[in-house]
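In what follows, chain A forms one complex with chain B and a second complex with chain C.
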Partner chain A sequence: MRLEPIANPTLARRIVLPAVALALTVIAASFLALLAGANPFATLGLILSGAVGSKFALLETLNRATPLIFTGLAAAVAFRARLWNIGAEAQLYAGAAVTVILGTGALGLPAALLLPILALAAMLAGAAILLGPVLLKTRLGVDEVVTTLLFNFIMLLFVSYLLEGPMKDPMGMGWPKSAALIPEARLPRIVTGLRLHWGFALALLAAVAVWVIQTRTTLGYEIRAVGLNAEAARFAGIPVNRVMVKTALLSGGLAALAGFSEVAGLKGNLTLDLSPGFGYAGIIVAMLALLNPLGVVLSALFVAGVFVGADSMSRAAAVPTYIADILTATALLTMVLALRLTHARVRWR
Partner chain B sequence: MDLFDILLNASFWAAAVRIASPLIFATLGELICERAGVLNLGIEGIMVAGAFAGWMTVYLGFGLWTGVLIAMLVGMAFGFLHAVLTVPFGLSQHVVGLGVTLLATATAYFAYRLSLPEVTSPPKIEPFQPFEIPLLAKLPLIGPAFFAQTALTYLAFALVLAVWLLLYRTPLGLALRAAGENPAAVEAQGLSVTAIRMGAVIAGSGLMAVGGAFLTMSAFSSFFFEMVNGRGWICIALVVFGAWRPGKAALGALLFAAFDALQVRLQQTPMGAIVPYQLFLMVPYVLSILALVFMSRRAEVPAALMVPFNKGER
Partner chain C sequence: MSDRDTGGAEVVLRLSGITKRFGALLANDAIGFDLRRGEVIALLGENGAGKTTLMNILFGHYTADAGTVEVFGQPLPPGHPRAALASGVGMVHQHFTLADNLSVLDNILLGTRSLFSPSLGNAAARARVSRLAQDFGLAVHPDARVGSLSVGERQRVEILKALYRDARILILDEPTAVLTPQETTALFATLKKAVALGLSIIFISHKLGEVMEISSRVLVLRHGKLVGEVETARTDRHRLAEMMVGAEIAAPKVAERVPGPALLTLKGVETARRGNAPRLKGVDLELRAGQIIGLAGVSGNGQSALAALIGGLESPTQGRMDLAEDDGVDWSPRSALAAGIARIPEDRHRTGTVADFSLTENAILESYARAPMSRRGWMDWRAAEGFARRIIETYDVRCPGPSARIRLLSGGNMQKLILGRVLEAAPRIILANQPVRGLDIGAVTFVHNRLIAARDAGAAVLLISEDLDEVTALSDVIHVIYEGRLSPGFPRGTKTPAELGLWMAGQGFGEAGHAA
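== the complex of A and B ==
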């Protein structure tokens, strides 16, 4: 078989194929539910109502979407330049660790000063974590996929050391967790009484900022040029390596904000299970959004909904919560295939 | 016990060979994929799926070798998915690979929770037992290290030779290597690049799954979450370290495993009382990164690695 590019796909093609991808995901969900001996329609209904069925569910989804928007943006920014940052998990923990180090009393400032400082410090930490792999890439040609992946494991062990050693909460009854943030270091709730913190607003702001950078600035143009064809970009006088490094700093910083927002907005301290794979899920979020920063918000809400919905469903029905991971992975694979087929026709001879 | 004692201890070398075995399976699998021009980031998840499938088969009462076979078939199924998406459809190998890793991992975890909903401590199976090879096992140091292992370990080392023979001494191996270097030339010979690459990814994924199965069927005797723990990513580094050659890659795996076995033993020494244990556990990952750094300049990357091939396109 052969693929023949389509220059201008019809609107029908643009709508039908992604819809088929989504339908396949739903069919996969039904099949898994059947496998678990549950009613597929009831299961899907439970997932849906668990994600958006009540005010509580909806707020939970928005909360879960917050770190995913950050890590999704981190992946979207990097992948646009073909910088394969798979290390958002490590950058997230770096951001979280710095937030806790500075936010547990080391800096006695009012909230209006302290919070921006913490966010900025977290971003710097995340950027620093990614700087190593990206310099290895630009200077020595070391593939960044594997180095960033391996950094995830190193960082998690480092945080584990911090939590059992220097950062251990003396009042923690022996549990490996950090001391609690001081009240000034906590992100307040957007509306009093509702469990949604300002981290979500910050995430939306970040999405808009990244969109502005990508579409309205020279750096955004350079990132796209490097991603489309690094050789051509170099030939056109774009400092490819410098653009790579800038992209990495931005991407690492965004991923670190996920850690900052989870600690300062939601948890209030640092434990080793702060992130159930937000860094990896961010890659799915970015790909589903076609690397579009505003699309990242929508796809983060979708992915968060699937996870929150599946959590609540598995409490009611005997379907393991891992169904959510299968569904998001299926959505990813079917969607990239659908998009490919939107722009290319299969010729069998 | 100091460093010298550790290095002269046969059990240390036996451990190194044991730790190297799953890495050798998976590294060979990845190497076959990459030699044909496809980066397979599904490796981590395929290892998880293989670990689960092999273990589950034996847990259900089938034989150990049936378990290995089922693990391989499950790996090949995920390899088929990866191959279809990346070869004929030419989708991003990064995205598909990570997608396959997530899918395979989640499927294994889902199936585990579904079949054993209530267990708190993972049930055990009777794993492969080591057996001594007559005479050779009596050699000092080398004997217990290499010749008193399980059948799967012997298989791993035999496969190094088999893969080398396949790649360098058969027409199929030549075609496979050419598909990763110059696919257009392969097509000009009347061979199908699509078929060769898909075959390589499917076969390679089967090997990765057997590597995973080694963990549950030879190293440990039960399946638990996070047990693969980045070994797949380490194998990708080992392929680079071995400069895409089976022998060198296997040697790299052994060297790596020796360091891994060493860090476990150093934790028991007076040094382990001072240095936090997390630092020891970082050693494998740091070593992998260092291996990449030192080898990347000299390595001969397959020229068409990660370049999709579409017939009739130039």
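== the complex of A and C ==
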């Protein structure tokens, strides 16, 4: 079996194949709903309405998409340079921890000053977390998949220590959580009374910024060249290692913004369950978007919608929320396959 | 029956109507011919004419879209190299398929018997290999490790491997590409013995002289079609060349010119070892303005190390490397570019271009960081595209447009873009590493003429090539490289190809110490 490239796929091909992918995803989900003893149509309907069926549902989806956009961008930026940053989870917690350290009264500044400082500090922390693995990669050739992945566990244990020790909220009734942010350190709601906060707008801005960097700057050109053919890039005089380090700083900073936005926009304090795997889900988001920063926004909305909808569905029907994991995973597999097949034809011998 | 008169001999191999497509490319178009017992057929054609594809179909590596192969009257099932082997077809590939860590004998026996057979190298097999080696003049020690053999010896092992399996039909794919002239002569002697013993040979080449010498019949392929079939005795090089390219070709003309000052001088330069590739040892070299310096040598004798050094990818560990205007900076690809060194890389796919980048993006690979391509970190894509358009026009790059991905281009057009990229920077020194490898004759002429024009305009050109004819045709001075050492410079016309061949085989280096 081999793939034969198609130079200019027809419009029908571009539409039909993704539609088939979507259909396969729906069929897989229906099958699981049947196994759980529920009506598949009702289950899917409940997921849909739970995701976008009401103003509340929609805002919940946007809220859930916010950290996914940040971690999705972090993965998309790094993967472009073939820097496999699997450690967005660690960078997210680093950003969140710094936000809490500086935002619980250590800096007494007005919100207009404090929030940018917190965001910046969080980005620096996230970037610093990725600096070690990337230097190990460029200097010694250590595989960054391993180091960034392991950093997730190190960081989680470190945050756990902080929350049980120095950062523990004295008023927390013994729970491992931090003190609450001061009001000046909270991201305001976009519309008063609705749960959506400015973190979402920041995420959209970040997506546009990454897109501009990738398409309009020399750094973006370097990142793409290094990712597509590092040997040719090095031969042409592109400082490959320096580009790797810059990419890592950008990627780590973006992932850390997810932590900042979750703490300052939503939770108001730091707990160990701040992220239900946003860092890992960001990889799915980025892959589903084919590493396109603007596509990351769309795929983050999709993944967030599936999870929010599944939560709501499982409250109404007796189908476990795990169906959301399977839905996003199936969607990723079928969609990536569909997009590949849009540009190639399969030949059996 | 003599080996030249084969008119009535039995047909051992018959190909008919072989057709093979790769996507839009028609690699073989209804090709058919007969091979008779005891004859040598030369399959002649430019790179990309479809010779290797045809032989891969014959040997079962590829399956033809249409057509049949018959060996000794029996149809060969498509797609089974094992069946081809069993029916007596042996193939010696361009790139050898030997295990470096095994002995010669083990390599020959590999695959001929069960993996669990207790004694792989038993006496009978050894005797048979020795007898074959003697009969065919293939001197090689059966217990030597293949990794320690020279390229010529490895080729002998490949041939022995085929003979050991009772091959009656031998296919040799560009067998002389990696050989010195002396090794080529030895190979031809072997082939003549084989033919006298009743074997039939298909000899693939694009070198006319060899074809004239060894073959009894010539088949010419062009763009996947069989365009001619002649008896070698009734033709000459000229007519074969015409058939091969469809037009007469002119040899490049290099006018006499007085060389200018030295632009780059190497004195006693050594480099660090990188993997298995030989390092440079005590290299003295002078590149002068208005001169083409040719570097001849058998592949893998330090050419890559020298190219990496001058291209800025490596620094000398010892000795001096002086540019005419030395600013004493760290040596890197960027400082090489800044010093006015244009680099045409050996492998245009892996190091010369980014396959999934557009022509525009590839055109600015070396200049993106400076105005007008970018300012303060912001790309100016208009300027970049203008630059790409200029190259496309000036260097006749055939392509759908500057935004097309470069992987869609043929090798020749890719090379023209690279040529444009480096020459538009008005270089003082040009490092051309295998600049025409794999190109068709039209593109070869184009590249050569551009290099000559640059030399006439006062640039120093270092031409690295494994094709001795190319080196002798273009170079004002020729150095031979052997195991990382450089011969003295031989001015144009002072050494015959045979003499250069001796240097390529290492003679002259021993007593001279390093590059006397």
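Here is the rule we use: the second predicted complex is superposed on the first by the 349 of 349 C-alpha atoms of A that agree within 3 Å, B and C clash if a C-alpha of one lies under 4 Å from a C-alpha of the other, contacts with A are read in each partner's own complex, and residues count from 1 in each chain.
Simple rule for what comes next: a residue touches a chain if its C-beta (ideal position, glycine included) is under 8 Å from a C-beta of that chain, and two chains touch if they have at least 3 such contacts.
Just so it is clear, the model here is predicted, and its values are computed rather than measured.
**Student:** According to the stated criteria, A:329 is in contact with first (chain B), second (chain C), both, or neither; which is it?
**Tutor:** first
**Student:** After lining up the shared chain so the two structures overlap, which partner does A:150 touch, if you call chain B first and chain C second: first, second, both or neither?
**Tutor:** In the superposition, A:150 touches chain B alone.
**Student:** If you stack the two complexes on chain A, which partner ends up touching A:142: first (chain B), second (chain C), both, or neither?
**Tutor:** In the superposition, A:142 contacts chain B only.
**Student:** Would you mind checking which one, chain B or chain C, touches more residues on chain A?
**Tutor:** Larger number of chain A residues touched: B.
**Student:** Is A:208 touching anything from chain B or chain C once the two structures are fitted on A? First, second, both or neither.
**Tutor:** Neither chain B nor chain C is touched by A:208.
**Student:** Once the shared chain is lined up, is A:337 touching chain B (first), chain C (second), both, or neither of them?
**Tutor:** Only chain B is touched by A:337; chain C is not.
**Student:** Pick one for A:86: touches chain B only (first), chain C only (second), both, or neither.
**Tutor:** first
**Student:** One more residue to check, A:34. First (chain B), second (chain C), both or neither?
**Tutor:** A:34 contacts neither chain B nor chain C.
**Student:** Once the shared chain is lined up, is A:19 touching chain B (first), chain C (second), both, or neither of them?
**Tutor:** A:19 contacts neither chain B nor chain C.
**Student:** Would you tell me the residues on chain A in contact with chain B in one complex that are also in contact with chain C in the other?
**Tutor:** No residue sits in both footprints.
**Student:** Show me the residue ranges of chain A that touch chain C in the complex, using the header's touch definition.
**Tutor:** Checking each residue of chain A against chain C gives 4-5, 7, 216-222, 224-225, 228-229, 231-239, 349.
**Student:** Going by the contact rule set out above, which residues of chain C touch chain A in the complex?
**Tutor:** By the definition above, chain C touches chain A via 23, 63, 79, 311-313, 332-334, 336-337, 343, 345, 350-357, 361, 365-366, 368-369, 374, 377-379, 408.
**Student:** Please name which positions on chain A make contact with chain B in the complex.
**Tutor:** Within the complex, chain A touches chain B at residues 1-3, 32, 35-36, 84, 86, 136, 140-143, 145-147, 149-154, 157-158, 160-161, 164-165, 280, 283-284, 287, 318, 320, 322-323, 325-326, 328-330, 332-333, 336-337, 340-341.
**Student:** Considering the complex alone, what residue numbers of chain B touch chain A?
**Tutor:** 41, 81, 85, 88-92, 94-96, 98-100, 102-103, 105-107, 109-110, 113-114, 117, 194, 229-230, 233-234, 236-237, 240, 276, 278-279, 281-282, 285-286, 288-289, 292-293, 296-297, 310-312
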